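For reference, the structures are reproduced in the following blocks.
Same chain, two partners: subunit A is paired with subunit B first, then with subunit C.
Take a look at the complex of A and B:
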């Protein structure tokens, strides 16, 4: 889901950088208001977890690969605004040091994976686990559902961003200038592979970690968010 | 053991296991992620390289492209796995460094 350089035209790249600016500003303001010095290691762990879990490429035999983002889990534990900052840092490091995701596409990739994914997952989790006891099984199931939904909505967005390119940018003869696949192919493939395979990876990772924490470190669900 | 200690151990375990993210797709003959192809692959799939893509795709030269060392591609599995683990460690350290820097700027002192 890391859109590389060259797949999105300048309009789309610019649009998402501009869209992310107020989100990043607001996130740092909100985190500045709430973050305590002793919570900084947890924030760093969240970002490190998201970074490294994205390296675990899961294959569709004979087809493509994909991976979890860990973003919904980070949002459940740190709150959505802190998770936005944590995942943004992970994505920027991936782009700069490892060429995973384009420099021009940092805005779009952050919009999908550092904003929509954790926020959608977080509020779905909050809704589904509303008033659930700390040790309730409803809580880890909610986490799994939220992980699944969060990754799939991010995949849908990436699919739309890819798929709009042939319409936005093409030569007079009709050749695409950037991503050559239109909405029907891009959305269908991105959503399809995530709904069928990669979404489940995010769901299982999110649910298992929440279950483990419920059992061994339940106080983490009672502490304040950042 | 404190929860943060357990989390750090978890991160280290994930770093060590990170070559799995390379081996499994390789074993099951899975290609690139959808929409993350190189220009050569695009040429093969659609018969041409879109002009804008040709210009932008080489915009940035990452020091460890695809979590690997340049020139080590054909060195065999143990070398490639080693490069992946070092890449994971470098990335995690970079991420932690930036977050601690941001944390210093953002966090309230004293509590």
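Take a look at the complex of A and C:
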């Protein structure tokens, strides 16, 4: 899901930086307005949390492992705007310090994983768990469904971004300069692997974590978000 | 994303130990070398310019010159070549190489036949155009990743995060970045200790469903522990004079060496613009 440098052309990278600017500005205004002073460390904790979720190897049938992205989970715990900042910070640290996900592709990665993924997942979760009691099983099922769809929507977007590259950037003889596959291949591959495998990993992890928190720390769902 | 190993053992020996030993140690950033001696602000800006140049390149020969330049910079900065090649080739460029392989065939990139072979009665044609596309793609990804890793290796991490202020990044992001970096180390330690405890109690072989529950419990437990930690940290911040607005000290100084480096990058940039405009692709 993390787009590295060199997969997207400069125009696409620039477009997503520009697209993310108002979102980042709005997110920082909303969070600053709603953030109580004592919640300041919580935002950093949320960012570190969204970073380390990706380090948990989740066992899947067949003896192999995959990992979750955790975008929807962080959105459920912090709220969509705070999660946008937290995931952006996690992605910037990954790109700058760990070389995972490109520096020039930070805008595109943030659009997919810090904006579309948490917002789509969060509002789906809110809709499905509308008026559900704190201990209701509808909540963790909604979290799982939101995790699955949130990740797949983000994967679809990443596929579209990859697939547009041969059309946007090519030589005079038509050879691709960046990601070499068109929409038909890129979208099918990205959506296919996430619908069949990684979406389920995300769903299971999101649902089980919410279920565990409902059982042992239900006050998290009562306190509200940033 | 998939690895054939036990998830507990793999988590301990894989990414957790890699992060602690290689990333957080900042071994290279503390050495004396060319890039370590530059002002972090100048270094980040010039590396961004170099990265953008790599992104704009259309000729694989110039790309290779840039890659060679990156390797030379790593040597001048005291980075062992083999270590640097391992850090930059494994993961993203190797993955990109696999991604690029289908593009060399005529199914995806039609063109002049370079080589032909048959597998199970199906004719496979490798095209010259396909090879050029794949070479440019992998070369670009490799060069970009090498520059990004070199920047990260040769700069102290807290300096790298402080530099973001010159890009007028809102304070809330800068402050969160600085604190987040420290929490990541703490969380990595917590996860490592938890996995070691699980390993010592249940062994390394766990059924898939049980394993998924263990991972979910770990994530939830990490969140609740950190949530509780929040109160203590806030009190510690208050006792150190935190008033709600973050204040960051500025210790950076631009030296003659930095200006020489900037002049050099500017020259390379103009040369690159000239070459890119005169080479017809």
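The rule is short, and it goes like this: the second predicted complex is superposed on the first by the 212 of 226 C-alpha atoms of A that agree within 3 Å, B and C clash if a C-alpha of one lies under 4 Å from a C-alpha of the other, contacts with A are read in each partner's own complex, and residues count from 1 in each chain.
Everything that follows uses one rule, which is that a contact is a pair of C-beta atoms (placed from the backbone, for glycine too) under 8 Å apart; a residue touches a chain by one contact, two chains touch by 3 or more.
None of these values were measured; they are calculated from a predicted model.
Visitor: Looking at the overlay on subunit A, is there a clash between subunit B and subunit C, or do the two fit?
Guide: clash
Visitor: One more residue to check, A:183. First (subunit B), second (subunit C), both or neither?
Guide: A:183: touches no partner chain.
Visitor: Does subunit B (first) or subunit C (second) touch A:3, or do both, or does neither?
Guide: first
Visitor: Does subunit B (first) or subunit C (second) touch A:24, or do both, or does neither?
Guide: A:24 contacts subunit C only, not subunit B.
Visitor: Return first, second, both or neither, reflecting whether A:204 touches subunit B, subunit C, both chains, or no partner chain.
Guide: second
Visitor: Pick one for A:171: touches subunit B only (first), subunit C only (second), both, or neither.
Guide: It touches subunit B and subunit C both.
Visitor: Figure out whether A:85 sits in contact with subunit B (first) or subunit C (second), or with both, or with neither.
Guide: A:85 contacts both subunit B and subunit C.
Visitor: Taking the superposition as given, does A:160 touch the first partner, subunit B, the second, subunit C, both, or neither?
Guide: So A:160 meets neither subunit B nor subunit C here.
Visitor: Please work out whether A:132 is in contact with subunit B alone, subunit C alone, both, or neither, and reply first, second, both or neither.
Guide: Once the two structures are laid over each other on A, A:132 reaches no partner at all.
Visitor: Can you give me the overlap between the subunit B contact set and the subunit C contact set on subunit A?
Guide: 4-7, 9, 28, 31-32, 35, 37-45, 47-49, 51-53, 55-61, 63-67, 85-86, 89-90, 92-93, 95-100, 102-104, 171, 175-181, 217, 220
Visitor: For the complex, give me every residue of subunit A touching subunit B.
Guide: 1-7, 9, 28, 31-32, 35-45, 47-49, 51-53, 55-67, 85-86, 89-90, 92-100, 102-104, 158, 162, 169, 171, 175-181, 186, 189-190, 193, 217, 220
Visitor: Which residues of subunit B touch subunit A in the complex?
Guide: 3-4, 6-8, 10-11, 14-15, 17-18, 20-22, 24-25, 27-36, 39, 42, 46, 48, 50-67, 84, 87-88, 90-92, 94-96, 98-100, 102-104, 106-111
Visitor: Along subunit A, where are the residues that touch subunit C in the complex?
Guide: Residues 4-7, 9-10, 13, 24-25, 28, 31-32, 35, 37-45, 47-49, 51-53, 55-61, 63-67, 70, 73, 77, 85-86, 88-90, 92-93, 95-100, 102-104, 171-173, 175-181, 185, 198, 204-205, 208-209, 211-213, 216-217, 220.
Visitor: Write out the stretch or stretches of subunit C touching subunit A in their complex.
Guide: For subunit C paired with subunit A, touching residues are 1-5, 7, 10-11, 14-16, 19, 23, 48, 51-52, 54-56, 58, 87-88, 91-92, 96, 100, 102-103, 108-109, 129, 132-134, 136-137, 140-145, 148-149, 151-152, 157, 160-161, 164, 170, 172-173, 175-181, 183-184, 186-188, 191, 206, 208, 211-213, 215-220, 222-224, 226-227, 229-231, 233-234, 237, 242, 244, 280-281.
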